[in-house]
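By written order: A, B, C and D. Residues from 1 in each chain.
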Amino acid sequence: MLTTGRSEEFRTEQGLEKAAGVLRDERFDGVIAIGGDGTMHGLHALKQHWKGQLIGIPGSIDNDIYGTEYSIGFDTAVNNALQAIDKIRDTAESFQRVFLVEVMGRHSGAIALHVGIASGASAILIPETPTDLKKIAQKIISGREAGKSSSIIIVAEGEETGGASVVGEKLSEMVGEKCRVSVLGYIQRGGNPTRYDRILATRLGVRAVEGMIAGLDGVMLGEQACEIVETPFEKTWSVKKELDKWMLSLMDELAT
Amino acid sequence: MLTTGRSEEFRTEQGLEKAAGVLRDERFDGVIAIGGDGTMHGLHALKQHWKGQLIGIPGSIDNDIYGTEYSIGFDTAVNNALQAIDKIRDTAESFQRVFLVEVMGRHSGAIALHVGIASGASAILIPETPTDLKKIAQKIISGREAGKSSSIIIVAEGEETGGASVVGEKLSEMVGEKCRVSVLGYIQRGGNPTRYDRILATRLGVRAVEGMIAGLDGVMLGEQACEIVETPFEKTWSVKKELDKWMLSLMDELAT
Amino acid sequence: MLTTGRSEEFRTEQGLEKAAGVLRDERFDGVIAIGGDGTMHGLHALKQHWKGQLIGIPGSIDNDIYGTEYSIGFDTAVNNALQAIDKIRDTAESFQRVFLVEVMGRHSGAIALHVGIASGASAILIPETPTDLKKIAQKIISGREAGKSSSIIIVAEGEETGGASVVGEKLSEMVGEKCRVSVLGYIQRGGNPTRYDRILATRLGVRAVEGMIAGLDGVMLGEQACEIVETPFEKTWSVKKELDKWMLSLMDELAT
Amino acid sequence: MLTTGRSEEFRTEQGLEKAAGVLRDERFDGVIAIGGDGTMHGLHALKQHWKGQLIGIPGSIDNDIYGTEYSIGFDTAVNNALQAIDKIRDTAESFQRVFLVEVMGRHSGAIALHVGIASGASAILIPETPTDLKKIAQKIISGREAGKSSSIIIVAEGEETGGASVVGEKLSEMVGEKCRVSVLGYIQRGGNPTRYDRILATRLGVRAVEGMIAGLDGVMLGEQACEIVETPFEKTWSVKKELDKWMLSLMDELAT
């Protein structure tokens, strides 16, 4: 059982040289690494110091890596968030209140978008698109007048959205009612993985081993439209991963 | 909140005529129905009695309907089964035993295949392919000799596999050790739906409403390689839905 | 991390002597053992072969050990069963059917009694009291006539009740409708323990260590009316643990 | 299905008189109310305006009402928190970090105390007793030096403890490492209730109905050492409910 660590030393030329030395001494033929864009940067940098095969597998709950539709961990994280929101909804409906729920995704609205649509949220705030809080406030007020007892609004963490606390203060003033805030935080990680993540991890893992045997080198494996695709390391972070257009348009309709 | 019912009357010409009469009287323009192959048969039959638009959406935990990669409910059912197996594994490892876990799928091994691969089972028995129990027994015996403490084997219910009880008796004799049997049954249904099922249901539901407005008629909607596709009702049951070839080959490797 | 094992050898005089020899050679001062009545028998037998201190802690999902209100594992097992039944209830209500759910407890109705009352079952069948199936059938029929859509009946496993399959066949005939059967089995074990079990285990564990230091010997620790009590090993299996009278009377009222 | 509401009007003499009028007009014989100290205050005040029978049942996740060992909802809330912490522990152990987890209980450390002991926390901060942060910091530092990879510290919300964010900032400075903060918030409410809460609610509910028939009036029912006890309304808030002494002493030992 290996644990996870972020190594500052690995970001330096000396650190990379040291790692390459270990791989040479131990006669490794190749390395398969699972992780986010930090991992892909690391593999890319290691390439300059070592001649062995390097294959990346996308693992990140944020789902912000270019070259794969989903990264390992995203489905589990969204399901963790949904389970928490199912509990919060019990409280929201009993007490007839507005709840702002902050989910992970500092620079990507992917978690917020999926959580929001899957939980039937009244509105979703993500870093990729500007938010018209007045429109949301107006929707809450007219909903309240029409007898709607409670609302759940999903907010992606981070500077661009302001986070649920800041949004909550503004919105409370606009709707004349104290909105409740819940920051899901670390409970989105951890727990037993879902079918989707286990099958995706198995598929990418098997392909990585097959690729290793076949001489594959310098790419991250991913899944696109049910096919396994290969993406050079640099592209995984230099090309911006777009959010699903259909989900974005549905998000816009929610806010209307 | 509508509940679910199987109507014998609806399977007769008089029943269909009665239903068509209600739809005419109430001036319905169309019907969107969610269900398995019984539902698609029903929609097809109703077509002969009523001129309105009919659109089907695949909902079945068995995932055995042609025209869609996944049907609504399958992901939730497999995740329910995985959660149960995570608990059974605690017992299997503590007591160092062989467990046979029976999952749903009388005529389709889709649940068993996903559950088995996602749970790292030692073997998977499905109705689609014959099983060499001797090979499985041999694998358990050599695993035991090599120090492997416990094994979990997934069995799809039904006549073709024999079900977990029958398989368990045969296997117990072959390996000289009482194998334990667990039939998951109805706990695979129910519970809060997963992200995957909620997003799939939202996507198909929105498309069905858009299709209704645009005049769509006589087809079931499904998702294939991330695209929405339309399949005439008859094809959904007359064409056999194949299991994923890659997963089948992985299943064969497990048993080696 | 120690695993669990049932040792046939330990049931023989030679096995006990061998164990005592190991304890003497390794200079153990005492042993604290967690388990059910098999464990208490073992401690009692070991006493004849070894002079060290022996303390027992009741751990059994069946909750059938005299000398403690609850044994470690019982609360977790009942909660596991309740979570499964919450899922089965979704199906029962959708399809408007009678479900028989079999829970663990071959010789004790404790799990069935708690599960049945906590899940609002229509009836509970336990080994300790005879069951009048006709009365239950009558109740289902009159409930059905009064518009009650579904019923859940809890059956303790074992010969005395017949188990859910046997009861299901008889009842199906009596009520003229196929009753569904679900055997929860091993999913009642395993999973993360509950608050109740963790606090009980902590309390008994701390007391056992304190007792060991203070010279305590030859007893099982238990909790009765919020106090820690000590019971000699023989009494833990020779005195029959009674079911809660209030819960039994409530069970009788359910069946009326 | 009734929802929950806090009524400002009910806190005035006119509001109480209006409520009493409704009860008189509808010819109620009595009212059984479930809730926390606000509910008991309300019942006490209503007594001055209405002659019918009034019985209270303690329902509060904070478990801060005098007259019962546990109030309905507490066990479910603690189990919800434990499930969240089991997920956070996965992250804490992977990343080898210190986590501060804030649980509910503005004026009572009951949730924090149970969650902390049941989750094996390194320290617990509650409003009832002063906390020596330096001792906790010292323990983390010496644990780190001894190879302990991660720590979880439970903090009760509120002014007395400062809450997890404030504590986190101070502690991060003391241990020279950024401590992570997780505020569990509303996910502690909601979800399916546990065995303990369902059995407690059944027991108190049955007793309340029996009491109503027998003429019981002016008291809250509770459970103490497995017996049902009656407490006059005023005493439920005027007498301070003490925390379990044994758990407090265990908490002190943790911090050493």
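As a convention for this text, contacts are C-beta pairs under 8 Å (C-beta built on N, C-alpha and C of every residue); 3 or more make two chains touch, one makes a residue touch a chain.
The shown structure was predicted, so the numbers you read here are calculated from the model rather than taken from an experiment.
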Shortest contact path, chain B to chain D, counted in steps: 2
Separation of chain A from chain C, taking each centre as the mean of its C-alpha atoms, in whole Å: 43
Centre-of-Cα separation between chain D and chain A, whole angstrom: 34
Euclidean distance of C-alpha centroids - chain A vs chain B, Å: 29
Per-residue overlap in chain A, given as positions that touch at least 2 other chains: 86
Chain-level touch network, classified as line, ring, star, complete or other: ring
Contacting residues of chain C [partner chain D, same complex]: 69, 75, 78-79, 82-83, 86, 114-115, 117-119, 192, 194-196, 198-199, 202-203, 206, 225-227, 246-247, 250
Complex contact set, residues of chain A against chain D: 3-5, 80, 84, 86-91, 93-96, 99, 149, 180-187, 189-191
